[in-house]
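Consider the two complexes below, in which chain A is the common component and chain B and chain C are the respective partners.
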Partner chain A sequence: MGGKDLTIEICGMSGDGTIAAGQLLNAALVNAGYSLLAFDSYPAEIRGFGRCVTHSRVGSGKMIALKNKAHVLISLDDQESVSRIPFLDTDAVVLFDNKPMAFLAENQSIAAHVEPEAKLIGVPFGDLSAGATGSRQGRNLVALGAFAGLFGVLPEFFNKAIEKKFSSKGKPVVDSNLACFQVGYQHVLEFYKEDISGDLGEASVHENKDSFLISGNEAIAMGALDANVHFYFGYPITPATPVMEILAEKLPKRGGKVMQMEDEIASIGAVIGSFFAGKRAMTATSGPGFALMTELIAHATVTETPAVIVNAQRGGPGTGLPTKTEQSDLQVAVYGGPGDSARIVWAPTDVQECYEFTLRSFQIAEKYQTPVILLTDFFLHNRVESLEKLSSAAEMISDGNLYPAEEKINAYKRYEITETGISPRALPGSEGFIFSATGLEHTEKGRPDYSSAIHMQMSEKRHRKIRGALSDLPPPVEYAPKGQLDLGIIAWGSTFGAALEAVTQEQEQGKRIGALKITSIFPFHEEVISAFMTKCREVLIPELNFEGQLANLIGHLHGKKVKRLNQVTGTPLTPWDIGEAIHSILKVLD
Partner chain B sequence: MDERHFVVIGNGPGGSQAALTLRRESPESRITVISKERGGFYPPHRIPELISGVISEEDLFVFSPGSFKERNIKLRSGQEVVDLDLRNQQVILEHKEKIPFDGLIIAVGGKPRIPEYLAVFSDLLMTLKTLQNAKDWVAKLSSAQKVLIVGGDLTSLAFSKILLSMQKQVYFLLSEEAFWPIRCTPALFEEVSLALARKGIHVLTPSQIRSLSVLPDKSIELRTDHDTVCADIIGAFFGLVPDIRFTARSGLKIDRGILVDEYLFTGFQGVYAAGDCAQIYHPQIQDYWVSIGHDNAVALGRIAAMNLLGSRVMANVSKESIFEVQDIKVNTSWWTEF
Partner chain C sequence: MKTSGSIIAEKIRKTGKSGELSIRSENLPTWCPGCGYFGIHQGMNQAIQNLKIPHHEIVMVSGIGCAGRYPFFVNTYGFHSAHGRTLPVATGIKMANPKLTVFAVGGDGDGLGIGGGHLPHMARKDINVNYILFDNSIYGLTKGQPSPTSMVGFKTKASPYGNEPAPLNGTLMALAYGASFVARLFAGDAKGIAAVLEQAIQHPGFSFLHIYSSCVTFDKQYKTWDFLNKNVHPTADGYDTSNHKDAINGVLEDDYTTGIIYWKKNA
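Our next item is the complex of A and B:
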């Protein structure tokens, strides 16, 4: 990746305004025209204690992954920030409050822990905030001002972000935040002249002037809105809750409704009921909630009722790591539930795809009359990216239902065996198209029938239908030079960006290496994947799970064992992590 | 297991030598070096070579921060000591962190000396002591043609040669204070003037500087009682003064530096001073002397460390090598360099 490329972390304790500072930083840098990818991590507890960290990668080119090392650390709480030191570049810039309220014992300051090559920038965050506003609460804004001064970000970009964020709280709040920012900015100009790098200065401003910031959560909500969803039923759970919060604000304005249900079982039940009645609906949950939904997902499979479910994966098993990212629900998404309940599972790899896949999930669910699971993760939901536009084409959101022909009136078979496995679907109340739907195995007319012949026939029909959905699902995308490869990386979900960046770096070094992006998890494009594997001496599948769940699903397509990189640290894989694995594999090959 | 914690303030020739000696003689103790300047240790007298491009920044460093780490010496780089609490044996840093110590060596060296009559113009004068100063010179020299050196110390001689090699026009304003702390006798004055002139340096010998002002084209005009000179850069080279403001409330005895006995002991338990910031008692002349120069600083840093660990090594210089200038008794390793 050429051009500027800077990773900035802000670390503090809950209540320090860390996340708010990160949001302002991101907004300001996008205002300044930079491309950005950012992600927050915070404690599982509601408030009061625990470490909050924001990560922002900013630069001139498109940012597709986080880096493993930060170039800048803004410490709003030294005790917490010490934990970030192993993740800093050796010559990182560390901004910290050099005038804490009380004297510190040895090693209580972050200054005691940074590497001597690091550039320590002490700014009296609290004192300057108190001087500007009478309160030390604006420390985070002072820190942002100091950052802007050091790196040459024009104050107008921050001012715009501050005004936007705080305008609803009134002018005094806006003014005090602006004042805190300004004193931090001036302090650096006055006392750190020699350290001003201007790395994010005017020269590159407006490279991406039309871009805007959007999170994975917002993209999913926007996708649902643009697909004309009528109902959202959900039960709060990290990291999916913001989807419900966004829709709660916006959906009623479009004539829809958001209902918080008593649990996830009720949520999926309501989604199925709504689709059964012909109205688009969705729910979003995470692993523990998804586990509760599996019986009704199977019910939707057997009744051939559409449903759209977002599973925002987080660290498991069980309640696990509620505020950490993981990709360990692939198996439950594909196989979870009683019986052979094949369903469609697809996984976006970035925020743009979060929007597009959500948008299209409704149509696909309707067309194939089956649950569509959008398999995302904490990193995708909580990250923000600068994008240039989100657009929906009419053909992506149009009604996906295949209605029965008029001549079938009074002879309608709801579960008619067809070549594609798709039975024309009548909605309840369609005159002359009477049918029954049941979770029991049934005949083409929908009457319960447990005979082995019917069960064989219907099982085959439902699976044929799911296989046929491949034509509507995006095929894997290959990023590789022509010809044989020493190593192929196959990645999915939020890990793909890191894999692609790692592969690109190796390709630039002349390595025969390629990447394959898989978004259709089930059904998957067996032939394309197999063809890619065939031309690779080795195949590596990096995943944020312990068991290698995608590797278990597709690994058999390779002539020999695929290599695995499995990480369950609760943090995203970085290009560096994958690069290390690549190097060790290539070393053996050499 | 030696659980003592030794703190060295300063990472110049004296400080780094003190830390290395402590590590060698006390392998298991904890050692912290605190340095206001960032990075590892470099010999300041080689800075002019960096400016001319003869050596790179990488070549300049004798010990990188990594070298300290390899020796299990904790280097706190870019951190400033603002106070000493010697009764409680604590060093207090600017960011309010208190570092306890069992032994302390103060070896902070000096900072550029600007005579009082020029202090008002200090914003217009460039000095050359630190790596950052060198970077500033490099940046300015890229667009400068005329450089005026005022004052004059031994660094300025080496630096003038380098400026000439960079095709700069060099003006040298020799004054009575030139070559401080070396006595500037009329004979020496004359000799230096001729030597400089032979090298192509314009030598000015006024008795008084009247004014310094910035002209519209950003050049600086200097008026003396004899001449008016315009230069793109004015460098002030008046030697160094001890950089010991942080000791003001410590109880240490201060004159031109931190007063120590012939063993470099300050009188406070476990506290020693070495190098340019120390003013050292000489039993034979029964007075204090100051030491200047890289080699002296290295020797004194070693002695301070040895004595902190219990030796009784005297900072022994022959009284003949000590001379007096401006009421200060001086020993300098610069003589040989000169």
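Our next item is the complex of A and C:
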């Protein structure tokens, strides 16, 4: 690769301005033209006394995963930052306040805890802030200035970010932040001249001048807006709430509306009602809310009514770990609800796909007259990536509904069995096509009917219809050399990035290894997946759930048992984690 | 000279041509003979025909229970939803196409039990949906269990020693939730239902119609036609429908007054 690849962590206690510093760092580095992937972790409780850690991976090539080690640690609170030491790379740079306000025993400074190879850069954040503005509050900005000085990031990129972030708070606030940054920057130029690496200073790298930062939450909201969604009916739940809040502000400007409902059941009910009457609507929730929705989701597969639901998976089960990431709702998304209720489930692997899949979900839901579930996760929703553009083609967002032909007036069969399984759908208000939708099994005309023949026929029709969606859903993508492979890694959701990076590293070492990206969870492309598995001596499926839910869904397509890497730490799998599993499998094969 | 048979035949032809019965679908109701729902059905049909609402611009959203079958018996669009979820679905439909006249119909279990959590929010948002609660104080479709409005002591297979919890008062709940149109009616008075329903449909907000009915098949002892006929009576002459406090007090004192109980007419 030969490009830059730096992971920077900022660690502090709530109140230290850690998160704000992380945001400024990310914005500045994107202004400078670098590619970026960043993810914060913070306390679950509102009255947060808790550790905040921002984690930014920056470089020249597209970042698709987080590493498990950091190259730079900026400590805004040494007591908290000590917890990050095990995650530091050898030769890491540690930036810390060497003149903290409270008297600290020597061994409480982070300087006493880091490994000998680490490079310690002590800068009096608090004192410098006080000197520049009269208050120690700007310590986080001083630290950023010091960072910029050490790594050669031109101040103009930070200044631009600072002005943008604080402009709404007035000129004095902007100025004091700029001053704090400046004073930290100057301090390093003066006292740490030999330690300046300039690693992030090259102007020639900056091809991506137009790239912008966007989170998964924002991408999903934008995808919905660009698909002309009319209504969002939802209920607050971590980590899906920001989607509702972004749309609450933006939808009314487009003639739409966000209606907060009393619970998730009301939310999905209203989404279904809206689509039934012809207007696009959506909801976003997480595990506990999704579980409540399963009855109506299954019901919608029988009434054959479209719906769009985002399930932002978090730690489970039950109330689980609200601010941690997991991938443990695949099974409930595919099967949840009474009976054999096939529906469409797909899972983006990065922020770009969060946008694209949300955008396309509405047309697909209309075309196949079914709930479409977008399986995302906490990591995707809260991470930011630098992207170059988001674009939508008209054919992805056009009306997907199939309306009945004029000839069917007064002879309309709402659930007519057709070759595709898709029955033309009349909207309420259309004269001559009156029908009732029912969750009971029914005839082609929609009259409740429990006879054996009808149930067999209608079940077959509905399942055939969903299988037909394969042609509209993205097939699995292979990242492998031609020919037989020793090992194939199949991954989904946000885990895929880590899998691909691990596989690429092994490929560079000459290993016969490949990766398969699966985004269409149900229906899934059996033949493509089987073909890939046939080439592999062994198949490994890494995922963030306890038993291996994707493995359970597709594992039978392999001639032998698939290997599983199941992790439920609440944190994303890293390329290193997957690499370790790859090594142990390859060792046995040799 | 016309025979009585030909007179009747002509009447039938005339009625058919008039379109009076066009509101009825080709499906015969599956309710038991004597069920109060026939009366409600008649009242509903009358109101729709009187207001001349185009049938294809009406959506009936129903829940689960005997009342849930309602959409199949009328010649309008219908949505037979999940138990207790008529109000959210009706909300989505009305918001998506405000030109539609949307009814939510369901029983007392559907509306005050499993669906009870949706009623307050419908009322406070004042969504223009007409909610008809068919209250026969029993779960009839599942063959006779007590419902949220059953009397204490009501004996069923599920309550062989007598129902224990006290009954909820649906009309009082709607008033307490701030519904802008609250009526309480009797299934034995189809004309009365039609008259109030016409007002409710034209009311540009949430209308709640609590209709007392009887389940002749599974309740032969408590809420019988006899009992209801003896007890229901219209609100007094000069009753002021605009006084919310009096409406609540009135309902606290008397469970069987019928008519429009409260109507908040917006300026």
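We adopt the following convention: the second predicted complex is superposed on the first by the 581 of 590 C-alpha atoms of A that agree within 3 Å, B and C clash if a C-alpha of one lies under 4 Å from a C-alpha of the other, contacts with A are read in each partner's own complex, and residues count from 1 in each chain.
Methods note: a contact is a pair of C-beta atoms (placed from the backbone, for glycine too) under 8 Å apart; a residue touches a chain by one contact, two chains touch by 3 or more.
Quick caveat, the model's predicted, so the values are computed rather than measured.
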Should chain B and chain C be called a clash or a fit once both complexes are overlaid on chain A? fit
Tell me which partner A:Val271 touches in the superposition: chain B (first), chain C (second), both or neither. second
Is A:Glu262 in contact with chain B, with chain C, with both, or with neither (first, second, both, neither)? second
Which chain, chain B or chain C, ends up touching more residues of chain A in the combined arrangement? C
Touch test for A:Glu117: chain B only (first), chain C only (second), both, or neither? first
If we overlay the two complexes on their shared chain A, which of chain B and chain C does A:Glu194 touch? Say first, second, both or neither. first
In the overlay, answer first, second, both or neither for which of chain B and chain C A:Ser109 touches. first
Under the superposition described above, what is the C-alpha centre angle at chain A formed with chain B and chain C, rounded in steps of 10 degrees? 150
A:Phe125 in the overlay: touching chain B, chain C, both, or neither? Say first, second, both or neither. neither
After fitting on chain A, the minimum C-alpha spacing between chain B and chain C in angstrom comes out at 58
Complex contact set, residues of chain A against chain B: 96-100, 102-109, 111-112, 115-120, 122, 194
Residue ranges of chain B touching chain A (in the complex, touch as defined): 38-40, 65, 68-69, 75-79, 92-100, 132, 135-136
Write out the stretch or stretches of chain C touching chain A in their complex. 27, 54-57, 59-61, 71-72, 75-82, 85, 87-97, 99-100, 117-118, 120-121, 125
Complex interface listing, chain A residues touching chain C: 230-231, 233, 257, 259, 261-263, 265-279, 281, 295-296, 299, 303, 427-440, 447-448
